[in-house]
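In what follows, structures are represented as structure tokens.
Two complexes are shown next, each including subunit A; its partner changes from subunit B in the first to subunit C in the second.
On to the complex of A and B.
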């Protein structure tokens, strides 16, 4: 299979597209009990709103949720593009053969019990792989939560849900981390496009999924959670070919972690340092936590790119700007002095002796409490030729509205990326967040997240420049 | 003043108690415009529900928000314990004299324009300090947002708000970082007791506030955000004497940051490494972000302490447990093997060949999807003699309730601390969070936060042991 052994190519992309955009999906091993995986795979399809045909299959059940159940795959009178297999590790193998005979193109094998549990499981997985190859069925998994194509309302996991739509896709070597990501992203107002639980990667490697998402027109930004792979070199080479940013989170700083990862999806986690180095070399953006992952993807999916790494910070309270600066300076960003012209214009606003120090971060203190005044300073910082990206910090106040219209105005006027950081309860800035994001301005509620986001934009901008010079 | 030059003592604690629990508060420089600081200091007192007397003072206004305005402090017929001064840096000095003549015990000076802006400001601040000393008025600030005593419904800041009550108090060298903290804490369901914006620390040092909170019966856990101080040694010595955990966040890893901090509250940030080392030496728990700060305080305010550093993890999805392990192992925790007895009892539940690997983290995969089954494994991990603290990981599911009752049961049965980590949208686990926290179980929604929280409990437990051996 080219997906496993050769560079990702057009064939792989085509086959994955068939799986992610099927016309019909069967659920093998459906159940009428909400406690069971089979029931939930089926409910997930219905709940998610998939517009294609859905066929529940079970040898004895007559109906599930009011829908006719087929006794077997072969009994389904029409073509089936994708099968979701909710059976144990041995029955999955038999079902895969049926899929092959029926001409099913792709199968999601959720069962575990393969190479992640030892030698016997590894042998079984090899048989699964051989069967898939023999019949030309592409596997996702085994040992996976499944996948989501939010662009087609296709939720092929056993966790029924609906998520906001967006341009971010996520490749994940762990269902649980992937779920955590989805929830945190949804809470942050970040829309999801595609989500892939790679499982044991019997057919498709990370590089294949990356190649697929690289060609996927509705995906603009890619997140990647990895425990380990034997094909890291191929993975980063493919990532470096994509014209989309890839944000990567790699666990396994310690040997003990390597052991845990080994018994999870059958991969040694590998040297963390080695991964970190090759990720950097090939232009992937490395993050240290899921919260940083969400912040970086949010920025990359929302904001335009800065021309360089020079950050201008406007605030009315110094502390958060210092916290942000701390993160920015450790992530390749600089805080240049504001230009003399800008300082002159600041003095025009304040009089010749401003009650604050003229520097970057520019902390205008009480002069920036009210949105209108804040907006004037923001215009100046954003227009400064020394500044490539602006971080706008403001604290929620019961009687002083957020300076969101002013931030949007500065964004439009200068064309430069602006990241907003509001010290605020989530509920109190939800409406402003929606408004700002509509205008290409990501909003965060801690200075660290805002800085991580800025660094991701700066990093991707630098990477594109680096590539264009090659 | 003993607060500045000598070890914190009973006098300082008494004076701060007078300020934090006053019977009457005056607002000097009140305004009838919601755009002004003076208006908002006054509204903050009313909105917060302070039960003592509140006197607005302004030379010309007759009423504000329907309440009589006094023309001057001396016109107020009764005693005034605390004055909130909403005037510029020079008028503040004059007002402080009036406070002294009236016998006011404490004054909050919100104005900036003192030593943080240069030599002239420094001279003015020295005069402010001298005046305070001369009249025996204690200052909070200048250059501060103010303070909050949520225990007395006293919100003495110009950001009107109400926050959930709790046992956590926060000392902050930045109003904006302090506001960020409050909002993030409130979103996390973490209740606040006292909040102090130290400003330029003209009267009271960090060590004084620490001594005060150490004696404060309603404060159980202390958070500290610091940019820099000339009296770091005294600060950590006092912190080490308290019988309460102190979680510290120090910015300033770079020289550029030091410069920014210098022009903020007039303190060099100092060597980050030096701070880190003395914080560790004196048993403060150092964190790397505000999100970690909130997680650690939440754990320390909610959960009992573990007997040691041995963490047992139960999950039904490996990835989050590996992410958590990564953080735990880098923060002084261990993941011991489960005892033979525990493994034997796990086999009793699964049969002799469990479909998962018997290790720690224990990933029971599909066997742990349903709360009842999850609870049985949780009991075993929690009862394991090798385990001091349990991390219980679970993913939100539309049809499978969270195992919260089971986690509470295990907590009660074993007496050991348990930290819950639910992959979930905040809104979907809000009710479970309330329930779990009532039973001493902090809940987080990312594995990193859960691990940070566990490490804080382990760290404080180890510190108490270390002290008892001295």
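On to the complex of A and C.
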């Protein structure tokens, strides 16, 4: 049978590790013009703070940013582990041979113009693949933005930047979506560990990158953006073997999009229904947007797992809790009634005739405006035996501080996962977000994201149970 | 003949698909209950077999050149007398011989009503062999209430497939209707999975319809396509 279950190739993991943790990196086709890709690959390495050796290479250029430029790879006196190739599709092929002769272990080929453009390009890519195999050079791309290993301050892309560090790694079949993800993640306070632009996947498949990240001790959660791959069977089998959650965003839902996907990455998008159902079969967490992707990764990287799917919501305004409830209920979560004991305690706290309805979501209205009172209600919801995970909704106010210390207290007291949702903006809740995250509480600024995050935790908890039964 | 021999024979004859009676033989050998097809060489034989298995019966065209029988008017359902068998036989052969002068007939017992289901296997360019389950008729064609899994599947996968259909409540006994034997359905899914795993030459396989009863299931029609 095709796509037979094979053990993750230890050799592949080893080769990828060499590329992601090199001691020296050369940039072939460097330039002194910030308008050129070659310049930006070089600057990206410096700006990112890579501690290893960096060698710019160009046949005529003398210096770039005050650093000596080598005329060729062979002129570099020391060993080079990784080469970033900023040349066109034909020159890239020649450069790859040079890499082989120099004993370079890995190369990143950013150039496009291969199988995504047609038959001639496909033949050229085949030659690229053959050359790489012949010399034992591992290839990322071609047709890629590159990769980032934030754990080693290695930014091997042509978009110089620095990103917050974290435990989340991302495998991406698009540079543009990758950049969108990086910025969104940074905005949301989500730290990145590794980012991989798979490009045309000449040497490494999704399954290889998954196996690598599965073994990578600094990665706890994996995100996957995919248009399509002819090795999808192997991909899901490897994903199901990792003891880490994989959140997947599959695009290309109509047949018409197949052509666009083909010309983008050299692969048809395939049937969305198949991907959806088979992701479910193998326990990948499927999301519908980049926003949901970031929210899920953030929750999985931050919060402990709930024992079950029963969500308790505390709010002081009904609307956001209804928005959250819609999302939760469509994603396998439930909103159980609070226990009689909890309701009794709520009455004790509020007085015999509370000015609100005693139910889940518990909307305590004006009684919850001030942090201290909000915290008392939160303790009660979190202690309720019917509740596995708590969603704490609160609205930013100029004169009323966020109930962050109270949320942290409830989290410590009950041990249950809590997700905070503040109607606020990143700039106004950055400090609270940092504080909450330190205590295993992810913070979101919309009820949808908070609900998606809760569903991801519930889903991974259920998946672990499902796997233990298999 | 065992499955391997049937698949080999078809290939030797230059065919890329198996005839209904051959496909059912393979399914039976795999432990999947089918409404058996009897090849009938003449009208007299058709009438005799009809009496033996009991009316009502179904008459279908049999030809290696006609993979989709119903598209050419090659299926006659619910024939309840020798006269009806005779008329249908004439009509079917007239239709079939436009495509294949050698076209013959098969006869099977008309199955009692139940819940129409579909199980399909196809080879996807991204995933390889995948299995599909749906409810028959409008549920699959209009509402697209179908579920896929990558082959091979486990018993847990089979259970989850069934339970994830939107029309699942129709299978568990909706408004006084008899529930479908879900354990039997689960077994059919698993046996199809095993059959395809053991025979990589199978590219496509359709059990359509597969009738679900309160006890057991029955394949009424089936087709099998081989890899090129």
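In this text, the second predicted complex is superposed on the first by the 462 of 470 C-alpha atoms of A that agree within 3 Å, B and C clash if a C-alpha of one lies under 4 Å from a C-alpha of the other, contacts with A are read in each partner's own complex, and residues count from 1 in each chain.
Everything below uses one rule, namely that contacts are C-beta pairs under 8 Å (C-beta built on N, C-alpha and C of every residue); 3 or more make two chains touch, one makes a residue touch a chain.
Keep in mind that what you see is a predicted model, and the values were worked out from it rather than measured.
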Exercise. Which partner does A:396 contact after superposing on A: first (subunit B), second (subunit C), both, neither?
Worked result: first
Exercise. Which partner does A:233 reach: the first (subunit B), the second (subunit C), both, or neither?
Worked result: second
For this session: Spot which of subunit B and subunit C makes contact with more residues of subunit A, would you?
Result: B
Exercise. In the superposed arrangement, which partner chain does A:470 touch: subunit B (first), subunit C (second), both, or neither?
Worked result: second
Exercise. Touch check for A:187: first (subunit B), second (subunit C), both, or neither?
Worked result: first
Exercise. When the two structures are overlaid on chain A, which partner does A:138 contact: first (subunit B), second (subunit C), both, or neither?
Worked result: neither
Exercise. Regarding the shared-chain residue A:277, is it in contact with subunit B (first), subunit C (second), both, or neither?
Worked result: second
Exercise. What is the contact status of A:326 with respect to subunit B (first) and subunit C (second): first, second, both, or neither?
Worked result: first
Exercise. Which holds for A:174: it touches subunit B only (first), subunit C only (second), both, or neither?
Worked result: first
For this session: Determine where on subunit A the residues touched by subunit B overlap those touched by subunit C, and list them.
Result: none
For this session: Would you tell me which residues of subunit C are touching subunit A in their complex?
Result: 123-130, 146-154, 156-157, 160, 164, 196-197, 200
Exercise. For subunit B, which residues count as touching subunit A in their complex?
Worked result: 34-35, 37, 39-40, 43, 47, 112-113, 116-118, 159-161, 172-180, 183-184, 186-187, 225, 227, 251-254, 256-257, 259-261, 263-265, 269, 289-291, 315-323, 325-326, 329-330, 335, 355-357, 359, 361, 363, 365-366, 369-370, 393, 395-400, 423-426, 428, 445-448
For this session: Sort out for me which residues of subunit A touch subunit C in the complex.
Result: 1-3, 228-233, 236, 268, 270-271, 273-275, 277-278, 280-282, 466, 469-470
